[in-house]
Amino acid sequence: MLKEVIMPQLGLTMTTGTIQKWLKKEGDQLEKGEPILEVMTDKVTMEVESFDSGILKKIVAREGEEIPVTQVIAYIGDEKDEPSPELIARATEAKAALASEAAAVAEPQKEPALAEEEEGGRIKASPLARRLAQEKGLDLRLIKGSGPGGRITKEDVLKAAEEKERRPAPAEAARVAAPQIAGAPQVAEVIPLTGLRKIIAERLSESFRNAPHIVITMQVDMTQAQVLRDSLLFLVEEKWGVRLSYTDIILKATALALKEYPGLNSSLVGEEIKIYQDINIGLAVAIPDGLIVPTIFGTDGLSLSEIARKREELVKKAREGSLSLDEVGGGTFTMSNLGMYGVESFSAIINPPQAAILAVGAIEEKAVVREGQIVIRPQLTLSLSADHRMVDGALAAQFLARVRELLESPYLMLISG
Amino acid sequence: MREITYSEAIREALRQEMKRDERVFLMGEDIGPFGGSFGVTRGLIDEFGKDRVRDTPISEAAIAGAATGAAVAGMRPVAEIMFSDFTTIAMDQLVNQTAKIRYQFGGKARVPMVLRTPTGAGTGAAAQHSQTVYNWFVHVPGLIVVAPSTPRDAKGFLISAIRNDNPVLFFEHKLLYSFKGEVPEEEYTIPLGVGEVKREGKDVTVFATSIMVHKALKVAEELDEEGISVEVVDPRTLKPLDEEILIQSVRKTSRLVVVDEGPRSGGFAAEAVAIAVEGAFDYLDAPVQRVAAPDTPVPYSLPLEKAYIPDEGKIRAAIQRTLK
Amino acid sequence: MAVTKPAEKTLTREKKLEMLRTMLKIRHFESRVDEFFQRGMVRGTTHLYIGEEATATGACAAIEPTDYITSTHRGHGHCIAKGGELPKMMAELFGKETGYCRGKGGSMHIADVDAGNLGANGVVGGGLAIATGAALACAMRKDGRVVLCFFGDGATNQGVFHEAVNLASVWKLPIIYICENNQYAISTSVKTAFNIENIADRSVSYGIPGVIVDGNDVTSVYDAVSEAVKRCRQGEGPTLIECKTYRWRGHSKSDIQIYRTKEEVEEWKKKCPIQRFKKRLIQENLLTEEEFEAMDKEVEEAVEEAVKFALDSPYPEEEELFEDVYA
């Protein structure tokens, strides 16, 4: 009996998932609990394990497709199971796409001579042939095997590669020809917009298109914050093994300010503005292939040391790629700190559907006037980008002023909240 | 260069080392006036006397154990077990004592001994005098295992083995004793653990041990005329194994046939295949082939023994399986 | 430990002639094997029993067909004395399908399990523990059987000799350890391999009787073994019997015999067990020269029959290689 493989719901807020990669091919034998595909959702890639044992009979959703949760993406069955016409129909779209790809590569041959398939449909190819095909971007399914038992060998792959070069497929021809026609700059590398990068692109353009940004900037004197950090740094490190950072202090101040100005701790969903009771600040973290925003839940209720520990844990997980879905969802406000790159100030794009994002620059020694005297003080520039549909300029200013006040007189944090 | 037999090369190595180092002595069954069951030590008793060429009673456990003890106490014994099949009788000594002493005593003791033993099938000597048993010892940490295929290798490795501070099991294929080859007259050593490409080729690697090297070379020559270029690699030392020479050759040719006279299951060929697959998986262009003895005792009857021993026909067929 | 005196009064003429016939069978069989070796028709290595016929013959004459023996690498004589069929033996040596072991064992592994011969052995001392185990089975089953365990002088320097004989002694097993002391372990003389005069002396350390016998005197062997068998059947445990004998030929095909003199060999040939027994039987008026000639001729013909059978027999099919393989 055929069993369905569905797009799983992998987090509380997940509505759709993108098929990042099938780890099994049609015909592969599957054991219950074995990873079958990778799904990307909310910037996190997760392996999905099979619920059933059997043969992967039919895949009906291609890699890169975004599929609503619980929708069927494949079928598992045993040898006797034949895919029903209905099933084939559902698969048509995907099949057609695959076929056009195939035709592009193997145009000279009307009927591509396929490699021998082993029992279970796995293509017979030597490890060397597999590696070469991958390196050269060739589809093994379209290469005829001449080795022992019809196996595809190195020679077969090299021959196929040569053929491909001689008769480039139309799409490729265009790509190769384009720069010459237009006199456009020579392309060093073409990176397809996929995965995380694609999601970031979609999310940020959506935000920038839909949410009118208002950006306000303030200078903060960090003298007292510096004293605070210096006096706690050793204690915190000694006790918990983490280094208290300015980011932690700013997070704490921001959380307390959000509590006083909940209008910034909100989102616009459809026709409604939702004001959140929980203050969950997301912290933007740069990772090799993009950016990810893990959430510090209940930031306002955490002590500085707790924030420091949580921050360190999440940053580490982000860099290892081991954040769980729940750790990157549920944010109500976002903070982005580029201070470590020497950025004085910048305006950030709001992480939708949130109302605002705080951009944190570098702390720099600056000459400022205090009581008529020019003095040198550590100065920090904070920029708040807010969704103008929900947040008025005055509200934004009041909120940011409060953040500044808490940072300039950090002991106020003790009596706030 | 002068040519001598494998047997003479071993005798020469023994003679030169006995002259060079008075701690070196020989012990074994019938190795004195009789010269050993295969005549390898013939004449040495006349040269060195019966104190240094010691005939023993038929007591393999005592031979191996006494060699071990003498080695620990400062001598450099070269023991002989008449047939490698009889190492079984010395197994406790070799496996539980010889191999373990240096390690279990925290490096405080060394066992500089060599145990030479004739091995292999093809003489019609049936099940208890024909076995290929070196793989048992490959599986025992603490023993160096050598199986040279040429007179030159036999001499160089035996000298290395005698000079080495650790126990070395030295397997001499009976049918190799009469093989002739070029051997330098002077003393020389070949480092233990270093294999050799016996013939360069580019289409398929044949990794062969002991006498199988010669069968592989013969097939390589025949196939050369058919336009197939076979590389023959001889590990020479089975433990420690020159893994790199195997991996590099497979990376070059993308095809591997392993030939070993031992029974197939759990055999040396299996070990070699595993190493090749670990180290050169992405370079393999055909399923790896094993040519080994079947999982049966060595039969006596001529046609049965012929069917048993890996031969040129089986090697050739295996090479062809990797090509087509 | 006195040398046992022949006490052959209990033996009938018929039995004595049968013993002579057995020794002749061994002699002729081995002579032919020697020849086939040299002609390269018998493979590998083989060990001839010529000169030692009285030991196996006398010993096996003292037991019943249902009793067991274990043999050695020099095993043809034991097999014949235990009632082995010459054609099957010769066929085995030729590696033929009709041989005792279907051609898979050859000279060193002839066994005739149905006749109680638990097999020759390629390993010196290899049969000692096996024989002890067979005796253990006889004791546990209380079937009244005994085991004759043949081995050479060399084997008594293997650890397993000590282990097996001691075990049989403490368990009082029905086994007779028959040491065929033929003076040499290949080239190694008993004089260099032992610091004792008689191997039978070792019995003391196991608490069992040790008996020294002229191994070239078939009735002496018979008497000594008979006595030991009686002890066994009465539950008194094992005996070690040392049969002093001599092998006329080299250890094996390849032996150049530099370790002994021609004179020594000639001296022992004078003690030929067959000639001695024949002479005595003639003296006792149990045999005439003519009868001996006839018997000799008859045995020779029987051996030739065996040769013919072996030559005519087919080699095993290649598939035979995988018969009886289970792991």
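The letters A, B and C name the chains in turn, as written, and every chain counts its residues from 1.
Heads up, the rule we're going with is that a contact is a pair of C-beta atoms (placed from the backbone, for glycine too) under 8 Å apart; a residue touches a chain by one contact, two chains touch by 3 or more.
From a predicted model like this one, the values you see are computed outputs, not experimental measurements.
The touch graph of the protein chains shown is a line. Relative to chain A, the chain whose mean Cα position lies farthest away is C. Separation between the centroids of chain A and chain C, computed from CA atoms only, is 86 Å. Between chain B and chain C, the centres computed from C-alpha atoms are 36 Å apart. Averaged Cα coordinates give chain A a centre that lies 58 Å from the centre of chain B. Of all residues in chain C, only 43-45, 92, 95-96, 101, 103-109, 121-126, 154-155, 157-160, 185-188, 192-194, 254, 258-259, 315-316, 318, 320-322, 325, 327 touch chain B in the complex they form. If you check the complex, the residues on chain A that touch chain B are 126-131, 147-148, 151, 153-154.
On chain B, the positions that touch chain C within their shared complex are 29-30, 32-34, 37, 55-62, 85-86, 88-89, 123-129, 294-297, 299-304, 307-308. The touching residues of chain B, when paired with chain A in their complex, are 254, 281-287, 321-324.
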